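Pasting a structure below so you can have a look.
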Amino acid sequence: MLQLLLALPFVAALGVMLYRSASRRTTAWLAGLAPLAGLGILASLTPRVLSGEVPQATHPWIPQIGLAFSLRMDGLAWMFALMVLAIGALVVMYARYYLGRREDAPRFFGYLLLFMGSMLGMVLAGNLLLLAVFWELTSITSFLLIGYWSHKNEAREGARMALTITGAGGLALLGGVILIGQVVGSFELDAVLAAGDAIRASTLYPAILGLVLLGIFTKSAQFPFHFWLPHAMAAPTPVSAYLHSATMVKAGVFLLARLYPVLSGTDLFFYVVSAVGAATLLIGAWNAIFQHDLKGLLAYSTISHLGLITLLFGLSTPFAVVAGLFHILNHATFKASLFMAAGIIDHETGTRDMRRLGNLRRYLPYTSALAVIAALAMAGIPLLNGFLSKEMFFAQALELETGGATMRIAVAIVAFLAGAFGVAYSLRFVHDTFFGDGPRAVEREIHEPPRFMRIPVGILAILCLMVGIVPAWTVAPVLATAARGVLGDAVPAYSLAIWHGFNHPLMLSIGGMIAGGLLYLGLRRLMDLHAVARHAMGRHLFRVNTRALLLGARRLTFRITQGSLQRSLWWVLVAVLALAGPATWQALAEGVGPSQPMPPTGWVLWAILMAATVATVVLHRQRLVALLVVGAVGLAVSLVFVLFSAPDLALTQLLVEMVTIALMLLALNYLPQASERSNHPARRWRDVAIALVVGIGIGGLAYAMMTRPLDTIASELLARSLPEGYGRNVVNVILVDFRGFDTFGEITVFGIAGLVVHALLRRARIAPDRVMPGAPGALPMPSNLSHLLFPLALAVSAYMFLRGHNAPGGGFIAGLVLAVPLLLQYVLLGSQYVESRLGFNYVACIGAGLLVAAFSGLASMLLGYPFLTSGHVEPHLPLLGPMPLASAMAFDTGVYLVVFGGAMLILSMMGTIRPPKAPATPPRNPQEAR
Amino acid sequence: MKRLMPSIPLSLAVLVLWLLLVADFSPGQVAIGAILGLLLPWLAGMLEPERANFGRTIAILQLTRRVLWDMLLSNIEVARRILGPERALTPGFVWVPLELTNIHGITALASIITLTPGTVSAELAADRRHLLVHCFNLKDPEAQVAEIKARYETLLKEIFP
Amino acid sequence: MIDALHVHLPVLPILVPLLFAAAMLLSERRGILVQRALSAAGLACLLAISVALVAVADEGRITAYLLGDWPARLGIALVVDRLNALMVLTTTLLGAACLLHACGGWDRRAIHFHALFQLQLAGLNGAFLTGDLFNLFVFFEVMLIASYGLLLSGGRGPRMRAGLHYVVFNITASTLFLIALGLLYGLLGTLNMAEMGQRVAQADPANLALIRAASGILLVVFCAKAALAPLYLWLPNAYARAPAAVAALFAVMTKVGIYAVLRVYTLVFGGLAGDTPAAMLADWAWAWLLPAGAVTLVLATLGVLASSSLRMLVAFLVIASAATLFIAFSLGTTATLAAGLYYLVHSTFVAAALFLVADLIRRQRGAAGDNLDRNGPLRHNALLGLLFAIGAVSVSGMPPLSGFIGKTLLLDAVPAASMAWVWSVILLTGLLTVVALARTASQVFWRAEPWPDTTPVPAPPGRAHVAAAVVLLGYGLAMTVWAAPVLDYAEAAARQLQSPADYVEAARSTRPQLREPSP
Amino acid sequence: MILEAATSLASPPPMALASTLLPGDTLVDKAVTVSLYMVGIALLLSLYRLLRGPSVPDRILALDTLYVNTIAALILFGMQLHSAVYFEAALVIAMLGFVGTVMLSKYVLRRDIVE
Amino acid sequence: MEFALASMIGLLTAGGVYLMLRARSFDVILGLTLLSYATNLLIFSAGRLVVGKPPVLREGVAPTLAHYTDPLPQALVLTAIVIAFAMTAVTIVIAMRSRADNGSDHVDAGDEGMP
Amino acid sequence: MSMALEILLSVLLLVGSGFVLVGSFGLVKLSDFFKRLHGPTKATTLGVGCILLGSIGYHAWAGDGLGLREVLITLFLFITAPISAHLMSLAALKLEPGQRPRAPAPTADGEDD
């Protein structure tokens, strides 16, 4: 039942929004059906709730954090559900006529229903975490509602402000709820409500209270978070009527009531809540007097009434709680009707500015009557519901015990002032709108709105009267049930009647009314109320802060990120120094071992490498020269590999060096020939410094590492290489067998590099930096000699490939030994010629290589062994005898193909770049000189 | 046949290269070498614009002997001059008119000129009728040209008719 | 057959995309439809494999797969536990959606798109599954170079510059990776991570400073990939400039860095040390990561606020999610680890979804594109608004979607000692994110102007494009509805992560089928 | 037959015992050592020209010479170690070392090395 | 030996880092090249420095670390060299494209500002 | 025999490396590109050639077996050295066209400008 009740608005929202083609009438009916059906369900549950039963429903959701989909309807939830649904139904009816012809009704009703559902979910939640979920949902949906007229700047700003403030509160609430869960061990409301003592005794209590109250205060627009509420008035009036009477802002006080049993009873609670409530009460009421906008006045009045309710809960007596609950109901009724009335006025006159309104009782007699009734209820005039709860408040104020006489007097003064202010702004509302002169500068012809717009107002106004006159017959059971929901069995004795005798509260009340009347008159006399322009301080602050935040964020982010590569890299180095520097220092300080003596030839290599490295750095701006010098560095590196027993490395390094130089030269054709000196000298020295520090650090680490003893698995590799890997060149056996998977990945990288280059250059048109005049001259003698060389080089490639497993060589080296001579053909004969004669599909070559390598590994899988398990068969062939064949050879074939295909794809793509179609002017722009 | 084996000497060269590389003259290796010798020149031939035609092959040996000997002598000569005072050098360019028309012959001549220290073939004229040679120590351009033509070009004309 | 596949399950997530990629390269001239069919088939296989992998991992056993049938320490072993099975599944699910989006037309423009995509998946899966540190490097490179291709294929102009930054930055990081690897091999004599963990635990105290230096360099590498402050500067531009499908796929790339940190700093420099002197290495990294994560979170959130384009904003959200993960993992309890893992999967999907939604919006906004400083018209406001709203709610941690669950889990799990400031950071940045997203929504959807008559109306959002975004958001919704089983898995994975001895045992005790085991 | 030959490549080339790996004391060994020094000096001299220039062709020539000298050094080093494992490196330099020279020269000539 | 190699690694690193921090794409690529040399030498040095014991097994010589140097770092370096080459190729092409598209070889060319 | 062989080998090696050294020395000493160009030719021909001969003899003598593979190195050097020298000359002439004498035939002047 509860699930159905909760699901109704969501389902209806979905229906409304999906069935967009429906007429407005149908849409409104669909929308209205949800609260009406909900009210039906509620009615069916009412007897059980009234009898003290608490209907529940639970679905597990995330047991790990104790979040269950628990619904629970006690008296409090019941009362709120009633309010949400009943006023919701009225608002839907009202909105059906309020919305203009061109407005997107499905969207409006959809949002409204979503909001209604969230609100219902919050009041029905039987799990605190679930409550927090719905709480935030109300923030989100109210954001959508407030911003419904999104073309209006105030609407967008108001929506964002509301979301920011209530969203922040929601996060705080979430924190508080989690803390409660940690104290109680469960989020289930039953458990939480039973654990009040534990919570109050917990060291986390102040944090819990603070966070939860933050949520409550923001949502209920308590001082100093109240400023979002007036700006939320940019919403269509039905939204305001709904959000600011019965629902959104009431969520805060609902939660206050909900958690009252566990949070109240401490001085902290008492002082904080009542102080904030009192402040809000006065500030709201005082400000309301000076509003010119009808809805603005109502908004501040709402703030004030919420302050009153908060104050009542803060006073922490059972009686005050009952009064608070009662006022929640009363406020909902009169405020909803007032908002609707304001909406009608706006709708009919085109303005809500009280300075232009007046004397509307002439034009809108029914509406005026209803609005006046509601306004008097707001002022707390006898015979109306507002009077009753105000009276209870005064009674409580005068009987307050906690805090002693000081507190009692303070609260009494607050009550008195609040009463006076309330009367004053109510008078202003009534007088400036319905009486006096006017209306001024209203262009429309004013007449009563459609009947169905007045009916909701009427119903609510009648309710105000009925509750005010015969409370015992109308509201008593509701209030009793709700009070039981909050207070359990501790519901105090109270009487709901208009007449309790001529007692202190009544005197205070009358005094307040008189004072209010005088205040309004006095203010009118003293100053021109209409000329008072009050700046919304809160909004101003919010704006300034938001802007400052955005600007600050932008500046900071811009400064940090800035899109500079050098900065990125600089930070990497700094991070390395920070994370590895101290340890390096420590390692070096702990001492390092001695160095072995080096043969003089080693020092020659050392000198070549060091000198060429320095020269590269010094000469780097002359690019071609730098490239040449780097060639010497590469040669020296490969000789270092020779010196220290790494023939395969030396070979690979040599070949890769050649291809790299080819690449760089190809690229240099499309880049400037010299680097401009772009950085400030200070920057250069800074870079020199960090480069040296990093270099010394890495060198030091390497030195320290080399002088430590090594316990490596390599001895096992050496031992098992021949018997199990069938190869004498252990490096090659590692590459194709022990760590064949690395090589598999490596050739994948190589192949992908080919693909990337291909992808980047195939359709690119790039102008060379400088085009040499004349046609490319033939080079007959070099090409002639290279024809002699080419087949021989191919033979060497085959040799390197076949020998690789036992001597330096292997698929990679052989692939490059194949690619480099072919590259030479490209250089000497031109790419077009070579490709027209040979025409390889290098992309397919890469694909084929990958497939071959993969299949050589897959073969073993078919036999049930892991991928890449090398096989070694020795079939005895006739005449030839035993014939050893290693599957690693097949794998190496894949390597060979990929390396050849990849290298050639890269080189040939770079060699065949087309110039732009337009006359080739080398790209020059001012930025080049940056 | 011509298409299958564009150049018999090249095929032989591949075979010999293979056998030297594997340092194994077993029949199996000879077979592999032979296959490669057939295959690779064919592959390479696809790129070749001009095919070689050999004339008197015996002249090759004659030429080789002569070149090796010249290489030795000129090496010593040039080494002496490098170590000596630089002032004594009179380097210079000279255009050598060519009678060879075959590109293979021209290439061979240019290579020989380069490989014998003291002379470097720097450029071939676009019409392939002249070869620009730089000489380390050019005393008499006429004599130098004559010597090159006499010592190498005549033999080369026989090899590459 | 099924049995055989089962045995080889760990290697299939790498092998299958590779084989499909190779097949695509060979069949590239047969047109885009063949490529798409191959791509779809590859992904379908991969999906089945990933699901099976998760199912196997969820039995609680850690499986080691000895490539080449060599003992783990000699060869390369793939090791599957719950964590990396989850990562593989996440990647596959993400990949499916990205592919769907790309088939909406981008794959025609970007040369080799499908092959590169499969190779990228192979690289990602390889990085997740490998149990060997050098092999991890290799698969990092596979993944990165494929990502260069995906990022730049079909691109021009500013994307090239962003690509240059991305590539150079990553090469620098890879260089550092190699330096660290060299040092670690030189000190420990092995590359198998399980074995390394053991050797670190028994390391000569004289070597500890050196090991720590190496581990520090390694940490920089992983954090650079994971975009942790101050190493995230490369990310916003690169991701914002990437084509949508690729940017969406990149959402998992930062996660690789995080995964690597998680793996290496629990296994190699971590849990095995016990109370040996090497124990100092265990908490060292995490002590750095916690504040760094917090700082990153703040800076990234400010970046979200500061972003002037929608894609930039999402890119900053990616950084923020990575930072949140670092906070979660650094706190180091089972609960925070589990929360982090849940959040990891969620944030991957939702960030990817937002990239796709941003692209949809960009296409419907005329000249304004995804620029947030300009007002522009917007077509299909309702549909795009809905998609954006779901994504935004989810990513900002608002209820009731997966982001909320993730953050709540994390907040709930934070140990009392660091609760105050961790909560402040997470809650405040969450709020700022909400503010930024509200601003964005307001700018894009609410300030939309009427479509100018002068410009032609754009084509309606492509079906594949919308479907891809819906699929990704659907993952998030599924993670919300079925949060409980996902969390169970995450918790089990976290526990597994906290007992690295099991991992080591699996790697060591798995015997080769044919060969002799290592002594 | 062919397959046999192909697989016989799997057997290593004849090689001396490891005990002879260290430099010996014979006259030839000393000559090898002295030659290595001389080649080393030659390498340094070439390096000087490479770094000094002044023209780009000068540097190309120096790099080319560096490569050729390296062949000599590799052969001598192989003799010193009684090992043939560096033969392949020397062979590759002899066969392909000039490719760099060709490309660099072509660059100076035409900028576009592949036309 | 160790000191010599360490100093080479250090200098290459320093040079690479300095060039990497320059603002032009070609300089950065040069820097990355130097850095990759440094890295390769460092990984290589992890197997310690041994002269004249290449890991190519010979008949009659026990396959132990006493007679052969550690082959594993060599295999790693091979992989690293290949990968570095692939990366360099890609970087070079991107640098070319970036210059062509953005009109400058400045690494931050065409940047219209962040974020 | 052995002693004689040893002396022969030593002489070969020393002569070879001597030529290598002289070649590089010329590279440093001489003042102009085309003069320097002649130096390295020595290294490629007699220098490396002698050393290779020495190597063949040495490996045979030391019992490493007779391998003629070193001949291949010389072969390749002889093929490639002229290409290098030729292209380097062309490059140098391109940079300093003034050095180049006018070609005798008008057609030979084609490329230069």
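Brief remarks on what is shown
We call the chains A, B, C, D, E and F, going by the order they appear; numbering starts again at 1 in every chain.
The rule is simple: a contact is a pair of C-beta atoms (placed from the backbone, for glycine too) under 8 Å apart; a residue touches a chain by one contact, two chains touch by 3 or more.
As the structure is a computational prediction, the values presented were derived from the model and not from experiment.
For the pair subunit C and subunit D, chains touching both partners: A, E. Ranked by how far their CA centres sit from the centre of subunit B, the chains are topped by A. Distance from per-chain Cα centroids to the pooled protein Cα centroid is smallest for C.
The mean-CA centres of subunit D and subunit F are about 13 angstrom from one another, to the nearest whole unit.
Separating the CA-averaged centres of subunit B and subunit F is a span of 14 Å.
Centres computed as Cα averages put subunit B at a distance of 23 Å from subunit D.
A separation of 75 Å divides the Cα centre of subunit A from that of subunit B. Multi-chain contact residues of subunit B (touching two or more other chains): 17, 21-23, 107, 110-111, 121, 126.
The set of subunit E residues that touch two or more partner chains comprises 20, 25, 28, 40, 42, 44-48, 52-54, 56-58, 72, 76, 79, 83, 86-87, 90, 94-95, 97, 102, 107-111, 114-115. The set of subunit D residues that touch two or more partner chains comprises 1, 3-4, 6, 9, 12-13, 15, 36, 41, 43, 56, 60, 85, 91, 95, 97, 102, 104, 106, 108-109. Taken in their complex, subunit D has these residues touching subunit A: 1, 3-4, 6-7, 9-13, 36-37, 40-41, 43-44, 47, 50-51, 53, 56, 59-60, 63, 66-67, 70, 73-74, 77, 85-86, 88-89, 91-93, 95-97, 99-100, 102-104, 106-115. Against subunit F, the residues of subunit D that register as touching in their complex are 13-16, 20, 26-28, 30-32, 34-36, 38-39, 41-43, 45-46, 48-49, 55-58, 60-62, 64-65, 68-69, 71-72, 75-76, 78-79, 82, 84, 87, 90-91, 94-95, 97-98, 101-102, 104-106, 108-109. Contact residues on subunit E toward subunit C in their complex (touch as defined above): 20, 25, 28, 32, 35-36, 39-40, 42-48, 72-73, 76, 79-80, 83, 86-87, 90-91, 94-95, 97-98, 101-102, 107-112, 114-115. Looking at the complex, you find that subunit F touches subunit A at residues 75-76, 79-80, 82-83, 86-87, 110-111, 113. Per the touch definition, subunit E reaches subunit D in the complex via residues 52-54, 56-61, 67.
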